[in-house]
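What follows is a pair of complexes built around chain A, which joins chain B in one and chain C in the other.
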Partner chain A sequence: MSNALRRSIPRALTSLIGLLLIVTYFFQLPSSIVDAVNFIPRFSVVIVAVAVGVGAFTLLKYHVSLIRKREPGRWIYSIVMLLSLLLFVIVGLGTGVNSEAFSWIYNALLVPCSATTYAMWCFFIASACFRILRVRGKQAAVLLISAILVMLSNAALGELLWVNFPLIGSWIQTVPMMAVFRALTIGIGLGMILQGIRVLLGRERGYFGGS
Partner chain B sequence: MDLTERIEHYGMPALYLLLAIGIAIPILHPIGLPMVVGEDTKTFYALVDSLKPRAIVHYGIDPEIGGFEELRSRMIAIGAHLFAKDARIVFAGFDPNAPEIYKLLINDIGVPKGKEYGVDYVFLGYIPGREIGIASYAKDVHALLSVDYFGTPLQNLPLMNDVKTIRDFSLVISFSSHELPINYIQQVYVPYHARVAVVVIGVMAPALKPYYPDQIVGFLSTPRQGAEYELLLHRPGIGVADFDAQTIAHAILLIFIVAGNLIVLKRRHSKRGA
Partner chain C sequence: MIIQGRVVDFLFVAFLFVLTYVLARLTWIPSIRKIAAFDGIKEAVGRAVEMGRPVHMTPGTGSLNANESGPALIAGLATIAYAAELCASMKTPFIISLGSSDAIALTDQLLRQSFMVAGRSPEEYDPSVIRYFPGRDTIGSSLAFTNSVQGLMAREKPAANLMVGPFYGEQIALCEVAAKEGAIQIGGTQSTTQISIFAALTDYHIIGEEIFAAGAYVSKDPTQAKMIAAEDVAKIIAIALISLNALLIMLGLRILPFLQV
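Showing the complex of A and B:
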């Protein structure tokens, strides 16, 4: 297949499907067309499910190559990763995903590991607070005061000291913080619309390997 | 070595040690510190409390397993409240961890006597595709899925005979540790104006807060609200213990922040003196 065809077919397909979805969203069309278009998102769910399998295969290939090359400092972790992957696949296929064995390896391995990693945040955040929240200037002072007020509003400590601390913490989150995030959200929204237009016009090539 | 140097040198190990002890003790032996129930929790509670008997609710199990622990108390309390209100619950998840979290959760909530699978609650499993999965689910559940997680055809589940599209749900709740609730807003609220409520981990709060209370009707974003919800429900549990631990951790952290600032002030003072 020529290079031009390899690029123009996916672009044309993307534009066509995108336009169909937009038109059926905003306009009343015959039910036969609507039914056909409604099939597209359902089909996408199947593609995503298949992509998970493809992703697992790619992951397997990548880590096998790391092990074969004896990549310093990495190959040993690749063995752990592959063994875990194989354990889940073998137990899942062998005993079924509703089996006690499958649930046990999930609850005894993945849950504690993930919960531990997540819980470590507490120490990282505490360490960062201790090092960074220091009055080195006016802006740092604003950050410090806001952080302390929000902390006091989230814990019983604030209420014990003064009953209005939770209100102040809530105000910080609902007024200044929300103003900033609304602006960000609107900016991201406008960016997404422009990105969508670029995809529909075939000007966005990143999603099929272009630049 | 003077006091400021000692704090600088030993501060970090001491902070870690005190935090570990300060968090572990109240989790093992909850203290039951006093708290005022916030407005957001009261609103969410009222939202669930106002559901009519036999109302159908989508219960989105959408967190990653790491974030689940932060959401756990709220997921249990709200699940128990829904069962207590005689709501019919459709559990489903758009994150791959949903099936295993469901198994943990349903044990924690404790299905009340008389509630029957298929009639009062169902579990549809993990639906891939994230935003596109949510869009397809909202449009037509039966076109997307033919069986539940356990392989039972949907037409054999009486509850699912009353569900076709997202419009059939009185309330759509997403419990999440990532950006999936934004996809609910885009694919469930915007096209169908369904009532969406969101429960997220703390770091997701700034991204979701702007949508509350217009696009989302209920919003919980802190572990403290888990404890508040448990109190409103008169069912104190892990949320209350978490809240005690959080309060002690914050108190320790505040002391260290003050100590850190004293070091800065003392150094500044010494420089001026020199």
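Showing the complex of A and C:
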């Protein structure tokens, strides 16, 4: 297939399907047509399902190669990863995803691991705060003062120190911050609609590559 | 027949279509103001060349099929296409962390195209630069994606980290690892609550709707620039309507019921 066709066919399909979805959203059409058009977005479920399969295969291939090469500091973890993958697949296929055994593995292994990893993010947030809140100029000073006031308004200690801290924090969040958020929301909303129109008209080409 | 309650919505979208079409046909070519973050991409790639280290790029997590993340993902991919083209022309290695399963094929195609535009043979393009880590669209959480990308950056030590697309808080952890590795960082997202994080943590950041100008800005395509101008006209009209509505409310008139026809 020529390069031009490789770009123009997906672009034409995107425009056609986008316009069909818009027409069914705004206009009253026979239910058979609406059902047929609404079925199109469900194709993404198929893509996700295939991606999971391909992902599992790639993961298997990658970690097997690490184990074969005895990659220093990594191959041991690859064994753990592969054993976990196999355990999930065997128990899931053998007993079903709603079984007690599968739920136990999920709740007793995956959930605590996920919670632990999430909890570790607090250190990243702390180090990010340290980098952000260094006073390097007037704008950084405004950021630092606002952050301190909002923190004091949210912490119980703030109200103990001065009864007006919660009021100040609330004002910062509901007046200046809300004003900025609304301005951003309007701009982003319009940006999204106009980008959609550019895609439908085939004018947004950047995501096909070759700017 | 238009569905009840959607008449005004339809008129607004139709108006935007007409406005875009009319502006695109004019001979006048608007200029897009300088956006430091997009200009910073060249600087970031240049730095990677000097340091002999790769460029890391990610369009975040989300789905092309979702209302909120889809447009931002498209903008992120347009930015990646431009950066990949620069990397290909400067023969600098790059890695792309994808958290969206439905964007894998599209990313593969755009990278092939970027190699061709950069004057390189498509055969030189190595598909393994795309690293897919399941994100929100597949497993409903971005934890696996974030941890995997953190590990990837710690191992590959990129000289530049480009993050443009849908992000929902995971960028804090990613920016911290990239900063530890000494990478220059560029970030942008459509989420209003996440923009401030990028503003605080990255060297260059894209604010608000600037993200949707990515394709037009990097391509310098006059038609796309006219469409960005249409966005500005729509914005002025929206501001005027909001102001008018505020004035009418102050005068005791409510127009909301008329807008819900």
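Brief remarks follow.
Convention: the second predicted complex is superposed on the first by the 131 of 211 C-alpha atoms of A that agree within 3 Å, B and C clash if a C-alpha of one lies under 4 Å from a C-alpha of the other, contacts with A are read in each partner's own complex, and residues count from 1 in each chain.
Heads up, the rule we're going with is that a residue touches a chain if its C-beta (ideal position, glycine included) is under 8 Å from a C-beta of that chain, and two chains touch if they have at least 3 such contacts.
Being a predicted model, the structure only gives us computed values, none of them experimental.
Once the two complexes are laid over each other on the shared chain, residue contacts for A:Leu160 go to chain B alone; chain C is not touched. In the superposition on chain A, A:Arg198 contacts chain C only, with no contact to chain B.
Contact with chain C, but none with chain B, is seen for A:Ile22 once the two complexes are overlaid on the shared chain. Contacts of A:Ile76 after superposition: neither chain B nor chain C is touched. Using the contact criterion defined above for the overlaid structures, shared-chain residue A:Ile9 touches neither chain B nor chain C, since it reaches no partner. In the superposition on chain A, A:Arg131 contacts both chain B and chain C.
Shared-chain residue A:Ala108: touches no atom of chain B or chain C.
Within the superposed three-chain model, A:Ala36 lies out of touch with both chain B and chain C [touch as defined at top]. With both structures placed on the common chain, the touch criterion links A:Thr185 to chain B and to chain C.
Residues 25, 41, 44, 48, 52, 114, 117-118, 127, 131, 181, 185 of chain A contact both chain B in one complex and chain C in the other. In the complex of the two chains, the chain B residues touching chain A come out as 11-12, 15-16, 19, 23, 33-36, 38-39, 64-70, 96, 99-100, 103-104, 127-130, 132-133, 135-136, 139-140, 143-144, 150, 191, 205-207, 209-210, 222, 224, 243-244, 246-247, 249-254, 256-257, 260-261, 263-265. Against chain C, in their complex, chain A makes its touches with residues 3, 6-7, 22, 25-28, 41, 44, 47-48, 51-52, 55, 58, 114, 117-118, 121, 124-125, 127-128, 131-132, 143, 181, 183-188, 190-199, 201, 203-211. Across the complex, chain B is touched by residues 25, 38, 41-42, 44-45, 48-49, 52, 97-98, 103, 106-107, 110-111, 114-115, 117-119, 122-123, 126-127, 129-131, 133-136, 144, 147-148, 151-152, 154-157, 159-160, 163, 166, 170, 173-174, 177-178, 181-182, 185 of chain A.
Residue ranges of chain C in contact with chain A, taken from their complex: 1-3, 6, 9-10, 13, 16-17, 20-21, 24, 63-65, 71, 74-75, 77-79, 81-82, 84-85, 101-102, 104, 106, 109-114, 116-117, 132, 134, 137-138, 141, 143, 147, 172-173, 175-176, 179, 190, 192-193, 195, 197, 200-201, 207-209, 211-215, 218-219, 221, 223-224, 227-228, 230-231, 234-235, 238-239, 242.
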